[in-house]
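Look at the two complexes coming up: subunit A is in both, with subunit B in one and subunit C in the other.
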Partner chain A sequence: MQAFRYLRPSTVEEALALLEEHGDKARLLAGGTDLVIELRNRWRTPEVVIDLKGIEELRPSIRVEGGRLVISAATVMADLERDPVVAERFPALAEAAAVVGSVQIRNRATLVGNICNGSPAADTTPPLLVYGAEMVIASPKGRRRLSIDEFVLGPGKVALGPGEMVVAIELPMDRTIAAAYTRLTRRHGTDLASITLCCGVDASGTTRVAYGSVGPRAWLVVDDTGVLADPAASREAKAPVLAALFAKATPSKTSMRAGPEYRAAMLPVLGARALNTAIERLGRTA
Partner chain B sequence: MTDTFHLEFTVNGRLRVLDIAASHTLLDVLRDDIGLTGTKECCVVGECGACTVIVDGRSVNSCLMLAAEADGADVLTVEGLAPSGQLDALQQAFLDTGAAQCGFCIPGQLMSARALLQRTPHPTPEQINEALAGTLCRCAGYEQSRQAVLAAAEEVGS
Partner chain C sequence: MKDQGVGARAQRIGGVGRVTGGQRYVADIPLADMLHAKLVTLDCAHARILSIDTSAAIALPGVHFVMTPDDLPKPMPRFGPEYQDRPVMADGETKYHGEAVAAVVADTKDIAEEAALLVKVEYEVLPAIHTLEEALAPGAELVQDPAIRRPGPHIASNILSEYRFGWGDVDAAAADADIVVENTYDWPSQTQFAIEPHGFIAAPDGDGIAVWSSIQHPYQLQKTVAKVLGIPMAKVRVFAPDPGGGFGGKQHTKLEPLVAFMAVRAGQPVRLILTLEEAFQAVRSTGARMRVRTGIKADGTLVFQDFVNEFLVGCYGDTGDRVSAKGSFLSAGPYRTPAVRIVSRAVLSHTTPTHPMRGFGIPQVTWARESNLDEAAIAAGVDRLEIRLKNLVKYGEEHVPGDTPADGDWAQTVRKAAEEIGWGTPVPPGRGRGIAIGLKSGPTTGLSYSTVRFLADCSAIVFSGTSDMGQGARTIYAQIVAEELGIPLDSVSVVMGDTAVVPYDQQTSASRSSVLMGNAVLNACRDIQRKLKARMADMEGIEEAAISVDRGVMRLPGGEEALPAVLKKVLGRMGGEIVGNGEARKDALPEHPLGGTALFFEFNCTAIEAEVDEETGETDILRHVTVGDVGLALNPIQVTGQDEGAAVMGVGLSLMEHLIWGDDGRTRNLGAIDYRIPTSLDLPRELHSFSVENGDGPGPYGVKGISEGSLLCTAPAVAAAVRDATGAVIRDLPLSPERVWRALQERP
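Take a look at the complex of A and B:
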C-alpha cells in the first residue's frame, strides 16, 4: 500500500474541514471493506484517509427521531440484521443486509458505504428505493436531503459533490409499506447477485418494485393500477402488469455471472415471489 | 505530515503500544510487528476468512481493516484461545473430529466459531453454517468443522 495519513475526526464539522483542506487527495473511510482493497491494489492513492468512526454524532448507529428511522454513516450490516425496529418496520432492508458478504464482512461494511460506492449490484439499494429513503448530506454550507432515487446515478457514481459527505440515511415511518427482498445468485452463500429485487405494497393498493444488477443502476418503478397489490387478482391478470415494470432492465451481455436472457426471464419470477411475500406481510400488519 | 500512527490496543489480554505505518492492516501488524503468525494471510480481499480475528466481540477479516482502526480495541487471535498452551474445548473438538487437515484455514474457522458461540451458546446447524460461510477450506472438511462446533457448544453448555 502507498503511504497515507490516517485521521480520525470526532465531529462532522472537523471531517468536513479536513475534506475541504485536502480535496481530492482525501478519501473517507467507513467500514473499509471496499476501500482497503482499493488502497492495497493502488486503484486509489489518497494522501489522507479520514476515518468516520470516531465521530460522536454517528453513534448510536440506529435511532428513531421525529417519525423517521435514522441510520448513521457508521451503521454496519450486522446492526441492521439485529435491530428490532428494522425487523418490524423495514424487514426487506434487514433481509438485504443479511445476505451481504460473510459475517466478517457484515460486521464491518456500512449501509451508507454500500450506497456511496454506487455498485449496480448493491443489495441494499432496492429496499431503500422501495421504502423511500433519503440521504442526509453534510457540507460546509449546511445539510441537504436527497431521495435515494436521485442520489444513485450509475456504476460508481452518486450525487455527492466535492467537500460533501453522507451522515445518515433516513426512512420515513409515517406510512406503512410492506416489503420483501429477494435476489438471484449462482450459488447459495457469499456471492454478488445477478438480480437484486425488492417489492413493496401499501394499503392504498400502490406497488413499488426496485431492481438492480440488470443495468447501470437499480431502478424504482411504481404500479398505481392496484392490480398487483390486489390479493384477489389472478396470476394471469398480474403477469402483464408485472412484466411491464421490468422494461428498464438492460442486463449485461458480457457478464460472467449470468446471461442476459436468463436474467430477463428471472425478473418476473423473482418479482412475483417478492410481491406475494409483500402482500402476505401487509395482511399481517392490517 | 506523518504517515506513522501511534497504536494502543489489547491483544489476547495484553496491552500493546507501538508505532506503525498508517497503511498497515491489522493483519500486517499482528503478524509482522507483533509476531503472532497464527492468523493467516491468504486472499487479502475478504473472501477466504483465513485472517479472521475477533475485534470487540465481533469477527472481522483483519486483511480488510487498517490497524489504526483497532486503536483502543480488544483483539482476540487464535493464540488467545490457548494462553497456557492447553487447547480450549473448541480447538480440541476440531482435532477430535478431524476438521483440521492441512490446518491453514483452521485459525480463521476457530475464530469465526468462537465469535458465534460467544453470542449464541447453543447454535442450530444452520446458524453454524452461516457463521462459518466466510471461512473457506481447501481441504473441505466442512462437515467435520460443523460437527466440532456442535460438540464444543454442547460441552460449553453442559
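Take a look at the complex of A and C:
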C-alpha cells in the first residue's frame, strides 16, 4: 500500500470542500471494502483518502421521510438485513444486501458504496432499479436527485461529476412493488454473482425485471402486458415474454465464472423463479 | 489414565492458539533488524529475459538491494526433492507464470512492494505449453533443457518419466470379458490452498544460517539449504513453526534458498511472506487424464483393468515422478483382478511447479477407476455395491502381487458405508446415490527419531520432528507419553520444529506420523521404562527379568508401582532426568517398483445421496457417509476431524476447484476470488464419519494413518449420485453447476 493522507471531515460541507481541493487525487472512504483492496493492490494510489464515517448526517440511518425511505451514505449491508421497514416493504433489497460478501464484509460495506463502485455485478443494483430508487447527490452547488437507472453507467462508471458525492439513497413508498431477488453463483457461500436478478410486480400488473452481471451494467426492463404478473397465466404463456426481457443481456465470452451460453440459459430460469416469489409476495400484501 | 491416554477424546494441543490468534506463524515471528523481501515477477508464463534494470528500485529510500541472477553463484544453483532442476530464481527464462526474476530487499514490506514495481524487466514472451496435448505433440518445444535432465529414454521429450506396472496378460484376458467399457476421465489441476500462505525468514546465525519456514519437511530443507549454500548441515538451523495447513503444498523447498542468499548478502534477517496469489504461483497439484478400460464377466467379476494415466506436472521435476508412480501403482484398487496393465507418465509443462496434494495422485486415478467400474456395472446390469463387494480382496489377500496384502477387513468398511446410506432402500424421487472405494498406500519408506525426557517432577518433554500442520500430531504424541509414563496429559510438552534441537524425521506426509513417529515416541518411552527398570533392579537388588512395565505401571515382585513414583525413587535427592530415545523405520526395498511396500493402507468407502437442480445444474449433497479403516483411534475427536476435513476437501475438489489457465499459460484465477473452495454453506447437508477399528495397524496400539482416506473417492461417489439422480454422465471435474447443466442438455 502506498502512503496517503487520511482526512476525516465532520460535515458534508467539509467533505465537499476537501473534494474540491484535492480533485481526482482524492478518494472517498466509507466501508472501504472495495477501496482498501484497490489501495493494497495499488490499483488506485490516491494522495488523499477522505473518510466519511465521521460525518453526523451520513451516520448509519434508515428512516421514513415524506413518503420515502431514506438510506444514509454510511448505512451498511448488515443494517439493511436487520431493518424491519426494509424487510416489510423492500424485501428484495434485504435479500440482496444479505448475500454481499461475508458477514464481516456486510458489517462494513455500505449500500451507497456498492452502487458508487459501479460493478456490473453489484447485488444491490437490481432491487434498487426495480424499486425506483433515487440517488441524493451533494455538491458545493447544492443537492440534486438522479434515478439509479440514470446514475449507473458502466463498469466502474457512475454519473457523479467532479466534486460531487452521494449522501443518501431514497426509495419511494407511495406504491407497492412486491419484489424478490435471486442470483447465480458458483457456490452457496460468499461469491460474486454470475447473474444478479430482481423481479417486481405491482397491483396494476406491471412487471419490472432488473438483471446484472451479464453486460456492462444492470438493466431495468418492464413488461406492461400483464402476462407475467398474472398468477393464472401458464408457464408456456409467460416464457416468451420473459425471454424477450433478457434481450439486452450480453454475457462475457471470456469470463471464467460462467460461460455465455450458461448465463443466457439461466436468465429465464432465475427470472421465472423470482417472478413466482414476487407474485406470491404481492398476493400476501393484497 | 484412560481419560487422557490412548483412545481419549483429548483436546487439541495448540488448538486454542490456532483459533484465537495466539499461535505464531512465520509471519508473526519478531526478529531484530528484520528486512522484508518482495518478488519481482512477470505477467506471463514463459518468457526470455532480456534485461533487468534495478536502478529506479534501488533509488527508492529504504531499499537495501535488488537481488538478480547476476548476484547468485554461477552456474545457477539448482535443487529439488527428486531432480536437481529448480533454479534459485529464473535463470534467463521464466518457465511459469509467477516465477521470480528478481527480488527486492527493503526496510519495510510496503517499500519492498513499491520497489518491486519499479524493477524494469525487458522480456520476450514465448509460447507456453500448458496442456497434455501440447506437451506430447510431436516436435513440441522441450520444457526442460536435456542438459539438466536425468539421462533416460524420454530425455528428448516432455515426458519426465514413464512407468509400466501390471500383471497377467490383459490382451489375452480381454477375450474372456463379456463386457468391456472404455472411457477417458479428466482431473483438473488444483491448488493445496493452505489458509496460511508460505512464509520464509533467513538470518545469519554465527558462522551459519537460520531459516524459518512454514514447511512439512524441515530436515529436507536443512539438507537443501546446506547444499545450495555449500555449508555443512550442522551450520543450517531450520525453525519450522507449526504450519497453518499444508495438504502437501508445503512439503519441499521453494524460495528458502533465495531468501537465504539475500540474508547472507544483507547480513540481517530477511522475511518473505507470500500473498495468497503468490502461494498459488508457488505450488499446485497435478492434473491428470486417465484412459481406462475395464473388462468384466456378465456377473460383474473383474477380468482385466487397463490404464493409461498422464499427469500434467509443472516445469520442474519436483515430485511429479513420484506422484505419477505412486498414484498409478494402485490404479486397479483393492480388487482381485487377474490381468492389469498400467502405463503412467508424468509430463512437463510451462506451469506452476507441482507438489503432491492430500491423496498423492490417488484421487485422480480413483476418480477414473471407480467411475469406469460403475459404467461397467451399469452396462452389465449389476448393482454398483455388489460389483465392488464381489471383487474386493479379503483380509490378507494380495491385490497387487508382491505388495503388502490387504491389511484390513475391507468388506466391513464397505458394508458399513452401504448400510449408512441406505443402499438398496428406495431412493426418494429426484435423488441419486453413489458409492466408491479409495485405497492408498501409506509410506513405502520412513525414518523417524524421537527423544523423550522424563523430568524430576514427573513431567515430560517430547522431541519430535513432525510438523503439526493442523492434523494434531502434538496431541497424539502427548497422549502416547501420558499413557506410557503414567502421567497427566497436561504435564507433557511437545517440542517440534527446530532441527538443532529435535532429532531427525524424514517427513510429514502420507499420513505417516501417528504410525512412524508414534512408534518412535513409543520406543523412546520404552527406553525410559527400560532405564527405570534397570535402575530399580539395581536399587532393589533384584533381577531385571523379575520386573515388567506396562503403560505407566511397573510390576515388581512386591507389587505394582506407578512410573512417577518409580522415577522419584530412582532419581533420588540428586534429581536429574531419564532420557529415552526411540526410532521407527520402514526400510526401502530397492527391487520394489515404488522402492518399498506399503507400511499400511488407507482404505475408505464413501457413499453419497444427492439431489440435482435440473434447471441450474446445482448439486446438493444431502447425505455424505465416509467410513475409514483406521486400525485404532488414538484420539477419536481428531480421527473424526481429519476424516471430516478430508471429506469436505474432497467435496470442494469434486464440485468447484480448478485452476484456469489462459492460452498464454497464465493462471487466470489466482487467489480466492475466482478459485472457490467450499464455505460452511457448501457442505453436505449431513456428513457422517465412521471408523472401523480392529487394532490391526502397524502403529502404536494398532493405529493406521487416516488423514487422506475420505478424500480419495469423494469425486466418483458424488458423480455417481448425480448420474443416478439424473442420468447425466460426467467424466471431467469439477462438477460445477455449469458442467452438470451441460451434461443434462447432452443426456441421451
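In this section, the second predicted complex is superposed on the first by the 285 of 286 C-alpha atoms of A that agree within 3 Å, B and C clash if a C-alpha of one lies under 4 Å from a C-alpha of the other, contacts with A are read in each partner's own complex, and residues count from 1 in each chain.
Going forward, a residue touches a chain if its C-beta (ideal position, glycine included) is under 8 Å from a C-beta of that chain, and two chains touch if they have at least 3 such contacts.
A quick note: this is a predicted structure, and the numbers were derived from the prediction, not measured.
**Q** Between subunit B and subunit C, whom does A:78 touch in the aligned arrangement: first, second, both, or neither?
**A** After superposing on A, A:78 lies in contact with subunit B but is clear of subunit C.
**Q** State whether A:29 touches subunit B only (first), subunit C only (second), both chains, or neither.
**A** first
**Q** If we overlay the two complexes on their shared chain A, which of subunit B and subunit C does A:284 touch? Say first, second, both or neither.
**A** After superposition on chain A, A:284 lies in contact with neither partner.
**Q** Looking at the overlay, does A:1 come into contact with subunit B only (first), subunit C only (second), both, or neither?
**A** In the superposed model, A:1 contacts both subunit B and subunit C.
**Q** Look at A:141 in the shared chain and tell me whether it touches subunit B only, subunit C only, both, or neither; answer first, second, both or neither.
**A** In the superposition, A:141 touches no partner, neither subunit B nor subunit C.
**Q** Once the two complexes are aligned on chain A, which partner has more residues of subunit A within touching range, subunit B or subunit C?
**A** The partner that reaches more residues of subunit A in the superposed model: B.
**Q** Give one of first, second, both or neither to describe whether A:235 is in contact with subunit B, with subunit C, with both, or with none.
**A** neither
**Q** Look at A:253 in the shared chain and tell me whether it touches subunit B only, subunit C only, both, or neither; answer first, second, both or neither.
**A** The answer is neither, since A:253 touches no partner chain.
**Q** Output check: A:104 vs subunit B and subunit C. Expected answer is one of first, second, both, neither. What do you get?
**A** After superposing on A, A:104 lies in contact with subunit B but is clear of subunit C.
**Q** Indicate the residue numbers of subunit A shared between its subunit B interface and its subunit C interface, in ascending order.
**A** The answer is residues 1-3, 189-190 of subunit A.
**Q** Would you mind writing out the residues of subunit A in touch with subunit C in their complex?
**A** Subunit A reaches subunit C through residues 1-3, 42, 184, 186-192, 256-259, 262, 265-266, 269.
**Q** Which residues of subunit A touch subunit B once you look at their complex with the stated criterion?
**A** For this pair, the touching residues of subunit A are 1-6, 8, 29, 32-33, 36-37, 39-40, 47, 49, 51, 53, 78, 101-105, 107-108, 189-190.
**Q** Can you check the complex and tell me which residues of subunit C touch subunit A?
**A** Residues of subunit C touching subunit A: 110, 113-114, 117, 615-616, 655-656, 660, 668-669, 673-674, 676, 678-682, 736-738, 741-742.
**Q** Contact residues on subunit B for subunit A in the complex?
**A** 1-3, 5, 21-25, 44-47, 49, 52, 58-61, 63-66, 68-69, 71, 112, 115-116, 130-131, 133-135
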